Every structure is written in C-alpha cells, then in structure tokens.
C-alpha cells in the first residue's frame, strides 16, 4: 500500500505539513478560514519532531500489524480491508487511549477538545495527502515501498 | 452427523475476534464456528463503564459491525454454553447437547468475577461488573438508588465507582489493601487517585472490607470489618476476575492459574489453543508466567492462535502488563514492572512528580533499559516509551529527556532514533557522513 | 618591427624528444626486487616512465644514479598499485621531488631543488644536502628530513588532519617566509651549522601561520617572526616530540641525537587559529 | 556600536492573511520574523533582512512582501545608497566589505549586444525536434595530424592521442567547492552532471570519498593554491584535473573559508582541522611564473600517469590572450577563462566589483590569439562567468569557446535568489551554508532534477537556435563568428570581438 | 639620448611581453676564455624552463681582433626588401665600418623563419654637435634610430669585443645554428631559454637583450613594468621591445653607466629591503635605504624576477626581494656559475667548490680577479 515515507535528511522543519494538515481537516479547506475564521480550529495529525538541526514529520504509519487496532477496545480503529489504511471512527471512539499506549510512533494524537483521539487519515483518497503535496522539500513521499520502482528500491546513498 | 468446522472458537470477545480476523486473513475458505454463552453480538466488555456513565449508547458497544459474522463467514452459535470438550474426538459438547466437531479449537473463555465469601450476597441490588447483563441490571437499579458501595479498589472498581458517581450516586469504595489500584500503580499514584476520587465526592476506604451485608431482600448497607456501617442501596462487587478454566480443566489441559500456553498459544493438548483472560502467558518483562487480563493482550493472543491454527508460525514476542486508564480528568498509563521498586535486584527508579499539575512519571530501569513505567497526567505519545521498552533500548544517555512533556522521537539520540524508525523512513539521500 | 609571417606552432617542452619506455631498456637493470637506473641523459618523463616500469615489474629497492635535475622523481609511483618502493637517488634531484608522494621512501644523496615533497601525502624523503624553495609545500603527511639548509617558504601551508601529521626536520637553517600559512604539522629547524652568535637566516617566519608547530634550535630574534606567531619555551611534551624526531633525523644522517638535544629549543606557535577572522565586515 | 545603517529591505505583512503559523520565523536564518506570544502576532526585524525572499516564497497565505526599503538617502548618482551604506559599515567595523555572487555593477554585458543569425531562403533551417542535432563536445588537446595505417582489419590510428573528455552538451558546472556550498548543493551538481553527461567541478574543497566512484567520471577536480583535499587518489578518480590560478570574481587574490564553515565533514574532505580557517593563498606558491605552471601541469600529468586532461583556470584580465597562449605552451589541455561577472562565495566587494575584464572580450581575444599562433587545437577553451541563458552559451561558442562553465545559473536553478550574502554562511536556501539545519533545505533529488531540467531546456534551446542557422552539429558554430553580429558596439569593441556590426 | 620623439598615446602601445625562462651564466674570473659547450650543455639541462620560442647567448671576449670596435649584430627580417642597403648607407654615414660579414650559420640546422644576420665592426664618425656626446651615447642613439626608424632591421648587439646570438628556437638549437661551440671562445657566457607568452616567432624578441656591452637575461614578469618604463622614458629611454627585460637593461644602463652607481647599490634600488627590515637597520644604513627608496622608488622592480646582467669584467645575478624566482650560484676554481637550477650547474660541473642560493634581492656579483661573488654567501643557503 502507499504510505507516507519520511526523509528526515531533507526535512526543513517548516511545519507546513502541520499547517496543511489542519487545513485538510478543517471544514472549509481554506487556509485562512481554517486558521482565522472557523470556530473550532482543526488539529494537525502530523507531528514535526524537532531538535535542531534534526527535524522530521511523523504521523500514523498505517502499520501492517497495527498495535492500535489490536488494542482498541471499542473497534473505533480498524484496518480498512480494501486499502490497508488504519481508519479511526471518531463516533465509536471513547477516548480510552489504549491506542496512545501502544502506538510505537506516538502517531495517535489526543484530541483534548473531544476527549478522543485523532490520527492521520491519509486525507481520505486524495492522490497525495496534503502534508505530502505541500511539503516544500520532498521530505514526505507518498509511495508504496514494496512496489517495484518504489522509493525503497534504490536507497540513494 | 454432527456439524464439523475447521476451526472453532469458544468465547465472543477480543481473543475470539483476534483469532477470527487472523484466520480469515490466512485462510479464506476454512469453516469457523463461534460458540458463546451470551446471546449477543460481539461487544466490548471494556466499554461497560463508558456505557454506564452514558458516554456511549448500546449500539456503540458492539465491537464489530453487525454483519461481522456474515462477512467473515463465521457460524455464530450464540447463547449456547460449551460444557465439555473431548480432545480425542475433537468435539465440543454444547449445553443443548449438540456436538461440534472441530479441526482446531480456541478457548477464549475469559474470566469470571471474584466473589468474596460474605453472607447475604443473595440480596437484590448486589451486582458484579463484568458483562453486559451486569451493567443493564445496574442501570435498572440506578433509578431508586442514592448510595452505592463498590467493593474493590482495582481498575474495575474504580471505573465503576467513577461511572456511578457521575450518575449522581454517593459512592463508597472499599479496598482491602492499604491503597487503591495497589497491584497496578505505586503509592504515589494511589495517593493521587485517592485524592482525586475524594475531590469528586467518592469515599475511599482502605485496609477494610465488608464483614456483613445488611438488608432484607435488598441490600440496605454494609458493615465493614472495623465495624463501620455504611448505609447503601446498591452494592457492586468489583474485586477482579479469575480465569474461567472449568472447560479446560475438564478436558485435561494443564492449568496453573490459567490455562498454560506456549508462545504459539498452544495448550498442552494438540489442536487446542487458548488466549485472553483464561490463559496464562509468559510476561517477558517480569520474567514470569501469569495471567494478563487485558484487552489488547487477549486480541493479540487470538491473532497468534489464529495464525498457528491456520498453519502459520507466529509466536508471541514481547508481552507484558500494559494499561491505559482514566479516572475523572486524570489519565494514567502503566506498563511492565510498574510496582516493583526493589533496587536490590538492579532496578533503578526515576521519578518526577508535580502534584499541582497532577503530573507524574516513573521509569523503572534495569541496566539502562526501561522495564516499567507509569505516566500520569501527560500521556501523549506514551507508545514511544513502550516502544523503547519493547526494543530494549538503552535510555541511559537521555534519561533526563524522558520527563519532557513533549517527549518524542526528537528526544532520542540520532542513531537509536533511526533504528526505531527505520522501517518508515528513507535515510541516505544525503550520505550520513556520520561521525561514528 | 617585424610582423608575424609564420606560425611558430607549439613544441611540447616536456615530452618532445622523449623516447618510449620500450627504448630505454639500456638504462635500467633489474634483479629480483632490486633495480638500478642510470639517469644520465634521461629526460624527466623518461626517468619516471622507467621508474614506473621497474616498480611495476616488482622492483622495490631502486637506485638511480647521475640524476641532474630530473623532476617529479617518485610522483608517478603513486599510480603503481601497492608500490612500496625505496628509492636511492644520487645527484641533484630536480624540482618537485616526490610531489604528491603517497608512501614511497626517497633518499637523495646530494642536493634537492625547489618543491621537495610538494603536496606530499605519505612516505618519506631524506635529502643528504640542502633543499631549495617551497620544500614541504602543502605537505599533508609523511616525513621529510633535510640534512642542511632550506630555501624560501619552506613548509608553506603544511597541513594536518587528525592523526595525519606531517613532519619536517631541517638540519641547517632556512630562508624567509619559513612556515608561511602553516596550518598544521611539525617542523623542526635544528640550525646545526649555525655558530653560537649567529641568528637563523629567515625573516617573516610563520606569517599567516594558523596551525601546527615549529620548533627552533638556535637563536632567533623576535623581529624575524611574522606578526601572527609567538615564540615560547618548550614543555616536556614538546621535548618528547623533539627527541623523537631529532632521533629519527640523527639516525638518517648518522648523527648523535644527544648532541642535537644539547641545544636550546623553543617553539613557534600561531597566535590564532583564525588570523584573518576579524578583517572582514559581515 | 549603534548602527546607523538603513535597513535594506522592508517586510510587509498583510495581517488579514497572516495565520501566525510561524513558517516565516522558522525559515529566516537571520531572525527576520518573530512571534510574540503575548500579543499573538508576528513582527519583523527589517534590519537583518537581506531580501532572500525565502519567507515570501514559503508563506502559505501569501501574506508577505519583501521589497527594497522605501526610506532613502537623498538621491545622488555619485554617492549612491550602496556607497553610503558601505562607508558606514566600514566606519562601524573597520573591516573589508565582503560580497557574494558575481559583480552586479553595470558593466556592459556584451552578450546583450551580440545577436545570432538564422537561415532565410538561401539555405534551409533544420527542425531540431525531428532531425538529429548534435552537441557532443570534446575537451582536451587534439593532435595536429593523425597517422593512420591500413591494416587487414581496416584503418588503424597510429598516433598517440592525448586524453580527451567527451561531454554531452557544452555546458558544465563551474567550480564550487563543498565548503563554499553545502554538501547537498555539491551533491546536486554532481548528480545532475552525471545524469546529463557533463561535468561538475569540485573547486578546492576536495571530493568526498563516498562520491568518488559514482561521480568521479563527471568530476573536474581542482588543484588550487590551498591544495585542500588533494592527493593522488583524488586526481586519479576524476575526469579532468584543473589548476586554479584565478577566479573571475576575485582575480589575483586568495580565498578564505572561515573556520565556522569548516564543519566536521568539510574538514574531513579538506583534510584540515575542524573549525580552523581554510586559507587559500593568493598564488599557488609553487607557481610564480609560467614555467612553474608548466611544472605543475606536468606534475599533475605525472601523478595521473598522463591519463587526464589538465585544465588551467584563469581570471580574465589584461593580456589574457598572451597569458592563454603561454598556458597552452606550458602544456595545458584546457583553458578555462572566468570573466569579471563570475561568481563567488565570498570576495572583498572592492575586488569583485572592480577587477578583471568582461569575459566576452577576453574569450574573443584568446580564441583569436590561439588561432593566430596556430595552437588553438592544442587546447579546449572553456568560458565562464555570468552565463545566464542558452543564448549566452551559444554566443560564447560562436566566439570560440568549446564549452562554458555555469555557476550562478546553476545555483539559481537550485534556489539561490542572489541576495549576495553567501559569505555569511547563513544561506536561507541551503545552498551556501554548512549549517546542517539550513543545508538540508536543499534536497539533492529535487535540486538535481531542477538542474537537469535547466540543462535540458538549454539543450533544446541551443538546438532550436542551431537548427535556425541550418547547423546540426555544435562544432559548426564553434568559432563561427560569421553567425554573430554586434549591436550598439563601438568599433574597437567589434574589433576585439572579431564580429561585424549588425547589417554589415 | 638624442632626438627620440615620443609616440602616440598609451592606448596604442603594445602590451608588455610576459615571459619566464631558464637562465645560465658562467664567468672565468681570471679572464681566461673558454668555448661554449659549458653554457650550451647547462641550458640544455633546464630545457623545460623554456618553450622553444627563444634562445640566446651573450659572449664576452669573442672579438679580440676587433676589440676596440663596436660590434653591431644586425638582423634583417625581410630578405627581399633591400633594407640591408638602407642600413648600410646609414652606417657609413655615421660610422667607420672596419669590417663586415654575414654571421656564419649552420645550414644543417633548420629553425623558424631565420632572418639574415650580419655583423659590422665600427667606430663612430661624429659630426657637428654630436661631438659633445660620448662614443657610447652616440652608438646608442644610432642603434635606437635603426631599431625604431628602419623597418625590418634590428640591431641586437652593439658592444665591443662581445656579441649576442639569439633567435627563435631552443638555445641549444640557436647555438648549433650560430656554430657557437665551434667558432667562439669567451670569458663570460650568459644564456637564456625563453618561455614567452606572446610575441611568438620574432628573433629580435629573444634574449639576451643588450645595449652596448650590457646584456641582460631575465626570468619572470615585472609587475611594475608600466611604472618603470614611464620613469625611464622621462630620462630619454624609449622602450621599443615592450619586454620587461628591456626595461631592466635600460635601468641598469641608467643607474650604472649614466649615474655611476655600483651594482651593490643598484640592487637595493631594484630589490629594496622591506620597511620592516629598514626599521631595524642602523641609522646610516637606514638613511641610505630610505633615500634610495625615496629617489628611485619608480625603479623598484616589483613582481617575480631573476636576472643575470653582464658587461665586460662583471656579471651579476639578482632576484626580486621576496625571491619569487630561483637562482643558484656555484663556484669551482676560477669559474663562477649562475643558474636557475643547481642541476644545470652540476650537469657541467659536478664537483663544485661551493653551491649556494643567495637571499632574495641579494646580488651575486662576479668580478674579474676578485672573489666578490663569495660575499653573497652571507645569508644564503
């Protein structure tokens, strides 16, 4: 499946991924409205890990063996059989945070407002998630690493 | 001819779901039977307190969509208790005398509530807190209740207490040990919790238990061993669960506290597997074999069993106690040896407490590696700590950073960080040129 | 004045008239790992072609006689894989002796001219006479021992990196701009032939120096130093270094180490690693 | 000291568009933007702004505009704002004013006064999209004649040939060292050169070991006055060895990589201690004269076993033609001439802006001189210094260059905005910095792709222009001044350039 | 200097020549004459210091039979035009020509575009005001006239009992061409192997450059050329060749012949000590050096050079003050050698008594019947 792969060596720590993630999950999908006019500001589902000079964005890895799904007590987290994505059903989520406990990437984010969690949804069917398409430096790649010609085929050393 | 299934699972909760979903991912064809004494679609027992407190409705209790059995082509035999297993014939006998022949069998029978030896338990408005029926009964009884005693200050007891308190009842929690949640958290957290419950109007009574139950047909109060009398119109028994092993025992499976299984979830009998609250597994962190009655553990055990039942070769890897809890506004996460503080066996405790912020962190280290942790208050990205634990990473170079509220992969030294993340990142566009 | 009637064309000064190595067999004798070359009448490239040839054939101890200024002796040996060659040179070694040298050992029985060990990377050059200007220029590693004096700009821009520290030991004195631009390495100036009342020859010592160390035995006035360096007494660690390399020097030229160590050594060090850090407006 | 300097740029922020995302703050390495948490607002510090436009490009809402600061000294054509500011800066610091990039003074750009020819009626133009159009170029010494024998297998070349390097198009990247530019930028150049089949030039910063095997075949390695990172393996892994005598941006002076740019890896490649200044002396101290140059040329031929062309790069100055002739006679296989508009990472501004001569005149003079002396075939000529487009390239080739080096164009393609502050090491675009946080702003995959794109587009344009002239091989335009005409040039200029005026 | 008018503006003057070279000089301090093979072999040893575009020799003591006559060596570039007749007419108008002949050459040697080379042994025939001038001044003036006013003729040697032989080619080829090793013996031989970067292919451009019996061979490029030239022009020297060697020759002529300064002082003008060093000097010496710098600053020769200058009974070599160009001296019995490289000396005199490299700016002065040259060993290596 296509995943968001990260290239920390070219992540510049601009946080545009976070910003556009907010836009992607806003109501209007308009950056100015999302930040300045929407009543409830959406939250980013990507975290920029930052300890200068090292920076890189990290979000749900959509694991093939998703610990979060296994740990979810409500069935709110599940793997979409067709796409392999890890989907979070906010309606079902009770905010037990078992997923927070087990996610090895810290990729599940506590939504303090709703006392639930939120996570990367790969922008639900966009050809490229916002964080990838808006990354100014190619530090995020949306690709199937297992596929032939995928980015992992030829590590660029 | 008795119905014959390639796979049979007894139980209808996390373990069974893990098993069935794994089976179906490996074997699309094999027939599967699911036997459950409860006549309900699979639901999450862990959600009972959420239901009770009113956060979710009944619909949301269901763990999988309504068509789950059909979608997975599972023959669900619900409301039928399995009463006997014949491992030689590979048959399960149901309460209705039907025999189900199986190729491989999973016992996911779960646990049963511990009931204290007290007189008067037959009165009305005395409940356990384990399954849907319990909760539905409690809910019915709530209407006429104002005061409730919860016996047991463990996880279930406290969750029940919080839920009942939020439903407007005056709640008393009676705990035999010196503090609440004693087997799960350390003294400091117990104190935090007790204070928290008290702030929210819940009485916590420790070092005590019920000696007598007052009342006629219904409970009207309890008398504690120290003589204190607490009037109440409801009593919830929440002292914990014990593995349900009678089926296994009858079938001649080896049992200690739970059904003994190996890393492949195989019992002592061929083609019979067990997982979840009824099974006894190896805690790789504590280094002992024990029952770990936790939802994720059951589900994962089911997956491993399912894999092996379908001819795969999975073994359980890193396994230990892990818990995510919240009481009122306090979030708690524990993992591993969270209570052991015995420094004489080479354990080092790193602790930081900020009482006013209800912030607490404790890391128990052995040879620089995390073997246990408790986080209270700030639990964001706790999984990273667990990942450090799981990967047996040496954290001694950055122990100070562990207490950072925003702890993340950035806090981890570069080399270790990329080791932990390597599956999902691409390194090497620019040659590392690293200093090593 | 005359115009240009014809085009003079280009004559390759270096290669013109050079014979192919296959025609030079008469100049070399090879026997096992030893070889002898008579360089009389050999052009620069011819000699180096021959050296490469005999080294390629396995010669490791090579003696070259009648050297009259042929350049780059030893340089091409770096292109012979694994050539661990000892070269004895009789005569006057030409410019750029051992330029870019990379591990071979050259010993000159006579004087050397300019550019000894130019940008040398590794190996050893021993000169049983004097050396001309810019000896050890940009030297990066290995050792050079000069028995007598050296010319201008010796050790200019010598460098070092980690444990790769070039060493230059000079038995005599040096001319101006000694250690100019020096960025690393160890230079020892022994002044063995200086009379007690005479200063070393050089002025502008260590101008622009920003790394490495120069040890000087014998008299030197402060006015002989460049403005970027200071002169200091040596400590025990310095003396250890001096003892070691003076010992190696003495051994190469059959001298007595203790006699050398009798003298008073001082050291010249840069005042700053960044002599020009403050001359720019950012 | 309190600074009396006026800010150079004004930063305008449309507050109604600003979402306080702080991208600008993070992108400005100079601290040009600050977030105030008390007021929940962004503020600018204009006095540090160098006008690199990073913030404006990165602002996700287009809220920023960075433009020349409107505050003005009284307009004065002699005492310009730049002169006043420099004076004040010198008064405050006592230092030599530094500058980066190339000369920005309004010297005549002769490319803009030369026009190219096209076929009309009397011969057909060629359609380069469908018919072959050849740009392959050889760099190196060519023999006066070939001795060819006929054997049973056919013709056989008897002559011993000098090494030549063939490149796919006559545009190569000029010397920019790792150290002056970031590793990422350096690698990008190497990657692009490899992809396109041309050359990149290491400058005098060494060639990192891990790049040698993969990129050595496209590398011109420099042997310059500092001799940094120079050893026999460095020479032998490369394609061409270049002796750097001079640089157009700073003829006659040395270089100075300040210690703060000598990072661990730069130090490793240059083989000097981390944090120490890397001083490149003004001259090569083993070259004080033309016969010394000859000595070094042959030293390099010796160390490479006569397998690599040796190039000599000089700055265009007075007498450049005579110097070039001498260089050829000294044995060089290639001469690179860098004109007054050549770029640099750092040069005293007074040098950059006042020394040297325009490349166009130098190139024309050199080509003519070498032809007059009958030795033009003995070397290739690479022109460098201020090539901005393929038109410049083709005009240079028509004047007589074999190929050109591009530096600034390549940097701009990678992101450089010519703010000219390369010497500060705080390049916001990650090009000219060793700060790892800034350097990774340049993703070599993206930057090399951009470089490749740029070269490909130039390649197409050159083919279009050639096709228009009815020429389908680059060698037919080389030195073909008949296809050039001058516009707006004086007689002496036309004479030096060796071209006719338009209409003639 | 008489009657030389200035030419048009700076812009139309040709560029200064830029060149570098190999040098060699040898003198017998007892005056004993010897053949050319020493100089020829030595310069051959450093062949790579030249590029075949110029070589030449100056030899002193070669015309004992005409030792009182100015020996004019003249090249005629264009053999077709009757320039030789023009020149000879001019010579007979101004000189008594005692003897003339074509300088013998070796027909076996093929060189680039050789001119016709003729020599004339002459004494001045001064008329009118010209009698106020010395013979030397008179000769210089007439030589200048030929060189500047008669196209395609060039006087390249004008001293007594000495001669310059030069042309386009390597010096050993020039020696072969003029049969120097067979026909001549002298007590000083200086030789030059040229590496020009311009003016290719002109025989007159080769070195040595000479005026009267001064000869100069030079290696390097004088960055102060424009300053030096314009200063000399102010004193009536008109530079026709646009080489720094020519400037050097005129400067030597100006300072030594016309102003009568000894070479030891002239060297302090050409290559003055640094102010740092002057500051350290004792008062008298400081005063001398300061004054020289003040008066003759325009004749400071800046940039890299090594020069070997010779006249009768004297030969000296000097480098620039920071020794950017090499020189090595050697001595064996009565023979004193100067050369760009020690190897060249060793190749003709393997067993030297002394071999030394003087300090930058410090001249090696070789004089007849003296050991002055050994003074330069002070501070040498």
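Per-chain numbering from 1; labels A, B, C, D and E assigned in written order.
Please note the rule applied: a residue touches a chain if its C-beta (ideal position, glycine included) is under 8 Å from a C-beta of that chain, and two chains touch if they have at least 3 such contacts.
Being a predicted model, the structure only gives us computed values, none of them experimental.
Chemist: Please identify each chain that touches chain D as well as chain E.
Modeler: Shared contacts of chain D and chain E: C.
Chemist: Compute the shortest path length in steps from chain A to chain D over the network of touching chains.
Modeler: 1
Chemist: Going chain by chain, each one touching the next, work out the least steps from chain C to chain D.
Modeler: Contact-graph shortest path, chain C to chain D, evaluates to 1.
Chemist: Greatest Cα-centroid separation from chain B: which chain?
Modeler: E
Chemist: Specify the chain with the shortest distance from its C-alpha centroid to the centroid of every protein C-alpha atom present.
Modeler: Per-chain C-alpha centroids compared to the overall one single out D.
Chemist: Compute the centre of every chain as the mean of its C-alpha atoms, then state which one is farthest from the centre of chain A.
Modeler: E
Chemist: Tell me which has more C-beta contacts between its two chains, A-B or C-E.
Modeler: Result of the comparison of A-B and C-E: A-B.
Chemist: How far is the middle of chain B from the middle of chain E, if each middle is the mean of its Cα atoms, in Å?
Modeler: So the centroids are 105 Å from each other.
Chemist: So what's the Cα centroid distance for chain B and chain D, whole Å?
Modeler: Using C-alpha averages as centres, the distance is 67 Å.
Chemist: Go ahead and note the Å separation of the Cα centroids belonging to chain C and chain E.
Modeler: Here chain C and chain E have centroids separated by 34 Å.
Chemist: So the centre of each chain is just the mean of its C-alpha atoms; given that, what is the distance between chain A and chain E in Å?
Modeler: Here chain A and chain E have centroids separated by 84 Å.
Chemist: Find every residue in chain C that makes contact with two or more other chains and list them.
Modeler: Correct list: 4, 7-8, 13-14, 44, 71, 95, 114.
Chemist: Spell out, as numbers or ranges, the residues of chain D touching 2 or more other chains.
Modeler: Those would be 184, 210, 268, 294-295, 298, 329, 373, 440, 443-445.
Chemist: What are the residues of chain A that contact at least two other chains?
Modeler: 7, 9-10, 55, 156-157
Chemist: Quick check on the complex: what are the chain C residues that touch chain D?
Modeler: 4, 7-10, 12-14, 44-45, 48, 52, 71-72, 75-76, 78-79, 95-96, 99-100, 102, 114-115, 118-119, 121, 134, 137-138, 140, 153, 156-157, 159-161, 164, 180-181, 183-184, 208, 210-211, 273-282
Chemist: How about chain D: which of its residues touch chain E in the complex?
Modeler: Residues 288-292, 294-295, 298, 318-319, 321-323, 325-327, 329-330, 369, 373.
Chemist: Quick one: which bits of chain A touch chain D in the complex? Just the residue numbers, please.
Modeler: Against chain D, chain A makes touches at 7, 9-16, 19-20, 31-32, 35-36, 52-53, 55, 134, 136-139, 156-157.
Chemist: Under the touch definition given earlier, write down the residues of chain D that touch chain A in their complex.
Modeler: Residues 17, 19-23, 26-27, 58, 60-61, 184, 210, 430, 435-437, 440-446 of chain D touch chain A in their complex.
Chemist: Given the complex with chain C, which residues does chain D contribute to the contact?
Modeler: Chain D reaches chain C through residues 89-90, 92-98, 144, 223, 225-228, 230-233, 235-236, 256, 258-259, 267-268, 270-273, 275-279, 281, 285-286, 294-296, 298-299, 301-305, 328-329, 331, 348, 372-375, 378, 423-424.
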